[in-house]
Structure formats: C-alpha cells, structure tokens
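You will see subunit A twice below: alongside subunit B first, and alongside subunit C after that.
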Partner chain A sequence: MIAKDDQKRDDAHTSSAYRAPGDIERHTVPPDGRPLDEQPRWRQDFPIDWPQDEYVSRRDLVKFMVLTSLAFATGQLWILAKTLIRRQETFPMLPVARVDDVAVGGHLVFQYPAESGPRLLVRTGGAEFVAYDQQCTHLLCPVVPHVDEGMLHCPCHNGYFDLESGRVIAGPPRRPLPRVTLEIRDGVVYATGMEDQAT
Partner chain B sequence: MPVPDQLEFFIDPGRCIGCQACVQACTECDTHKGQSMIQLDYVDRAHSTQTVPVVCMHCDSPTCAEVCPADAIKRTEDGVVQTARKPRCIACNNCVLACPFGIPKMNTDMHLMMKCDMCYDRTSVGLKPWCASVCPSQALAFGTREEMERLRPNAKPVNTFQFGAQTIHTKVSMMVPRDDAVDWVDVTAAMHEPTMGHEMLDDVFSENLFDDGDAA
Partner chain C sequence: MNDRNRFPRAQRMTIVNAMLVFVMLIIVLQLWLLTATMNAYLGGDTEIVLPAAVASLVCLALNAGLLWYLYALER
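And then the complex of A and B:
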C-alpha cells in the first residue's frame, strides 16, 4: 500500500521539484492538472484567478445591461404596437336601449362590446345620453351617477368624475373614465365605439 | 501591481528562535490590524523549544479556493492567494478545514475568512512582508534566489509538498539541507509516527486508532 503510494508520488514529481517564480503558473492549475479546455464549464464561469474573475464580472455586467435595455426597448415597442392595434380596433354597433326605456336622470348598465366589462348609460337630458365604463379607473369599483350634481361618484375612495366629459374632478383616480360613443337613431340608443381618453 | 518576479519568500524553520516578532509584526498590518495571520507552532513542545513560523504557502492550485462554495478566494496573477472577498465570503469554514497547511483563519465576528496574503500591500510595491522585515534570524526571508544561495550555503529551497495523494506546488519555498536528496516535503509524514511525549496516537488514518481500548 505504502509502496504504491510512493510510486504514485514519484510519478507526480518532476525531475526538479523547485520551480523558479517565473515558472510558477500564471493561471491556477486545476487539481487534476489537465488544461482548461478539458475542464468542466463551471471552471470558466468561476475562475480562481483574480483577473479572469474580474473579466467574468465585467462581462456579466455588460450582459446584464444589454439584456435589460433590450427588454426595456422591447417593452416600449410592445406598448406602441398595442396602442396602434387598439386604434385600429373596430367596434360593432350595438343597440343599448330605447330612448323611452331610460327616464331623464336615470341610468342603465349594459355590456359593450358584448361579453366585456359593464358600461353605464346615463340620460342627462331630453335626448342627451352619455355612457362610460362603469369601473372606476382607480381600483375598479362601480361608479354611481349623480345627474343633478353633474358627477359620477365612486364610493370606494370618494373619487369624482365629471358627468359630461368623464374627467377626474377629485379623489384618487388619475385617469378619466373610458367613454362609450353613442348614436341615437329612430328612438334607439346605439353604442358605436370606445374611446380611451387622455389624462 | 504584481509582486516582482525575482522576489521570493523563504521559510527556514531551522533558523526560527521562537521570538514571536513575526506574530507581533503581523498584527501591525493595516489590512488586518490587531489580528495575526501567522502562527508559531512548536514542533515537539515536551522535548524541544524548536518552533516553526507558519505562513501561507500560496499554492498554484489552492485547495482553499477549490473548496470555496461562494467563489470568494482568488489568486492574483503573481500567484498570491488573497483573503476571501468580503462581499462573497459566507464564513462556511470549508477553506479552514481543507487547507493542507492550516492557514486560513475564520473571523467569526466579521463573518470573513482572513489569511496571510504575503502583505500584498507591501510586497506588490517591492517591500518585504512585515514578518520577514522583523525576523531577527531571517527564518522568514524575502529576497532573490541568488541572494539566498549566497547567504545560505547549506540550504536549498523546496516548494513541492505532498499531502496524502495530493501534490502541492507553492510560491513560497521551504529551506531544506542542501546535501539532502530530498526534493519534496511530506506534510503528513509526522501523522504516521506516534507523537513523542504523548501516549496517544495522533494518526487519524490508522485503522487501529479505535481498537487500542483492549489494553485498558
């Protein structure tokens, strides 16, 4: 056993055991002594040598920055594309109610386009109707119309919207209510489209 | 700036007088103030006052770095193995247990492994490490190889060590008798011998280690 060990040790030693400092490896020698090409991949990713480690860190930083900026740029493009597609979106014409069905100052909840979120139709005057998304732009609570005050009120956090335009008057919401465009034809109120309003 | 190629570190245990000057000088270093990275070991305290200063040998395949799970121990291009990098070290103690020479020291308060870095702030600008600059008998010497050959006619440097089946080449050299055929030092050689002055066998590789109970 010991003889075998000695044999192994003798093999491991070269003729002269002393290595001058110039001969000392610039790069750390892996324990098995094989060149870096034959080493597992992780040795390149986690080098023991300081300069190589700095290089990996630098490369990682650059990689991180490039990928992050790429992600941001892609996100912007995606938002742009989404906006363009939404603009081109065509809405069907949907009969909501007969004019006589809603009393002056009264309101009606409907879905437009069909199977989507609830919208609110309010009759503000003789033949004057307005329609908005019923969900408050703050936290999606349903808004309540107050026609005599000319406002839409969200009871959750006291948000107020202007009944004529859908703009925010007070409270936490930042964006106006999306408006549903209407058309009255032959005594029937039709929804013709949705408008995202600028803040 | 790397440590100049021609300057080398030599340890000559035969010259050590056990004065502790290196240990004290090491605590004065600004990079680890108050804590010495050198230990002064007694070879056989019961029979001899002989001491050996133990500093990092700076292996070309550092076992401490090989076992580091946090990628914290790095070797600079001049072959100096540095203290663990503070942002990475997780104070797991692997390096302390793995080092064949017992060099790394765990600073539990700082959660950081600290080791002898050959006074990198000094040697990288061509100065001697603190320990070598104060050693009165030059058991720790820092200089050129030619200088060593001229000043120590009876000694030669050896920087190959054997730790079990592991062969270790180091940047720091150990001085051995020049006439000796020896060209490598077995770090574990003493483990196979019963320690002088002790009844207990220290050979942890011995299969009979736990069978000695029969005598008692």
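And then the complex of A and C:
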C-alpha cells in the first residue's frame, strides 16, 4: 500500500515533457513544472538528480582542464618572451678595475650591470681574468675562488665549478655559472656583457 | 535538431567522459613540454623554446576545439 502511494507520488512529480525520448532516468520536477531545458541557467547547473549532477560536474571538470591547458600554454609563451627579451638585451661596457688593482690569484667583487647581483672577477694569470656571477646556481650562495686548484667552491653544499669555464665539476649545482665577458684596454678591465652557458 | 536534443544525457555523459580523457592526455603532454622547456631554458639551451611553445599552442587549440564541441553539446 505504501509502495503504491510512493509510486503515485513519484508519477505526480514526474512530467512526461521532462523526459527526453529514450531517457529512462527519472527527473525531479522544478516548482514551475517546465522542462529542464527551459529552466534558468543556475537551476540547470545545480541539479537535484544524481545523473544530471554527475554530468554537470564532469562537464565542469573538462572546462577547468582546458583552463589548465591555457595556463600551461601561457607558461610556454612566457618562457619564449623571456628568451626573446634576453636576446635583445644589450649590456653597457663598464670599467671594473685596473689590472694592477688585482693581484695574480686575487679576486674582486663587483656589480654588473649596475644594481644587479654580485659578480666575481678573478685574476688567473698575468693578464688573464675571468668573471662569473658570484651566486651559485644551486641555491645562490656566494662562491669562493681557489685559483691554485683552478676551481670555484660553493661552501654551502660543496659545489665545485671550473675556474676557466664556469662549468660544474662536482656537487649539487646542475648549471654552470653565468659568465661576464671581459675586455682589457689600456690597463683597465672592462665588463662587456653576460652570457648564460648551456649545460 | 540540436545536439542537446539529439543526444540523451547518458550519451552526452559518454561523450564528455571521452572528451575528458583526451583533454587529460593533452594536458599531461603540455606539462611535460613545460617542465622540459623550463629545464632547457634554465640550462641555457634556448633552441627548443620556440618549437615547444608552438607545440603547446597546438595542444591548447585541440583542447579549445574540444571545449567548443562541449558547448555545442549544450546548445
């Protein structure tokens, strides 16, 4: 008897106009009794019935994933833009020190370009100088030159770089030190540019 | 007859599920592209940046096409 009453109540709440042809799922009837397609957007997007709710949530997941795809593509374009900007970047020619100011085996910290991070100028021989970014490519600790051993040492995590090339010899760093290009004119060492070196 | 009427909800659900599989596959590819490109870029290798950006945009276009079809299903 109770089951019969339930069936009657269900039938009363189920509109035939509400069923798509061949759709055997039962739908809840909105207060105004109109079909789902004619309901306001908010009611279509927040359905009561489970099947419709699952459809809406799956559909929204697809939309969100496409948004994620847009974010990844934007990231790629950002890297491309950074690359193009870097290629067009020009560096000023800046005097760093007089040759005589730095002893053989000695070093000097300077900034190049102005107001940038610290760079390290090392005199490796008579008129031989090399200059690198002073920050280790692992976790930005300052590197210390060991001219007699021909390497730059990062004391934080024992990273070692070749003094002549800036390439990684040992330790956790995976990228070489960015190099400052130098030019010596009239006994003065000039910084002329920066170059990132491929691993 | 529009797509909403042409496909019952159960069929639309199947289509959306298939769409989601494709979108996820493409996104995994894009994620791999982004990490590989970032790794190369930080390592000073910028040769790969442009082709990777083009590939990622193609992936986005494919996803946008699927999204367009999803909206078409709703109409």
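Methods note: the second predicted complex is superposed on the first by the 157 of 199 C-alpha atoms of A that agree within 3 Å, B and C clash if a C-alpha of one lies under 4 Å from a C-alpha of the other, contacts with A are read in each partner's own complex, and residues count from 1 in each chain.
Definition applied: a residue touches a chain if its C-beta (ideal position, glycine included) is under 8 Å from a C-beta of that chain, and two chains touch if they have at least 3 such contacts.
The structure presented is a predicted model; accordingly, all values stated were derived computationally and were not measured.
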Name the contact category of A:V66: first (subunit B only), second (subunit C only), both, or neither.
second
Partner, of subunit C and subunit B, that touches more residues belonging to subunit A:
C
When the two structures are overlaid on chain A, which partner does A:I79 contact: first (subunit B), second (subunit C), both, or neither?
second
For A:A103, using the defined touch cut-off, is the partner it touches subunit B, subunit C, both, or neither? Pick first, second, both or neither.
neither
Which partner chains sit in contact with A:T28 here, subunit B, subunit C, both or neither? Use first/second/both/neither.
first
Thinking of the overlay built on chain A, is A:W50 touched by subunit B (first), by subunit C (second), by both, or by neither?
first
Would you tell me the residues on subunit A in contact with subunit B in one complex that are also in contact with subunit C in the other?
20-22, 25, 51
Of all residues in subunit A, which touch subunit B in the complex?
5, 8-9, 12-13, 16-22, 24-26, 28-31, 46, 48-51, 53
So, in the complex, the side of subunit C touching subunit A is made of residues 4-5, 8-10, 12-13, 16-17, 19-20, 23-24, 26-27, 30-31, 33-34, 37-38, 41-46, 49-50, 52-53, 56-57, 59-60, 63-64, 66-67, 70, 74
Listed in rising order, the residues of subunit B that touch subunit A in the complex are 5-8, 60-63, 65-66, 71, 73-77, 79, 82, 145, 156-160, 162, 165-167, 169, 171, 173, 183-184
What does subunit A use to touch subunit C in their complex?
20-23, 25, 37, 51-52, 54-55, 58-59, 61-63, 65-66, 68-70, 72-73, 75-77, 79-80, 82-83, 86-87, 174-176, 196-199
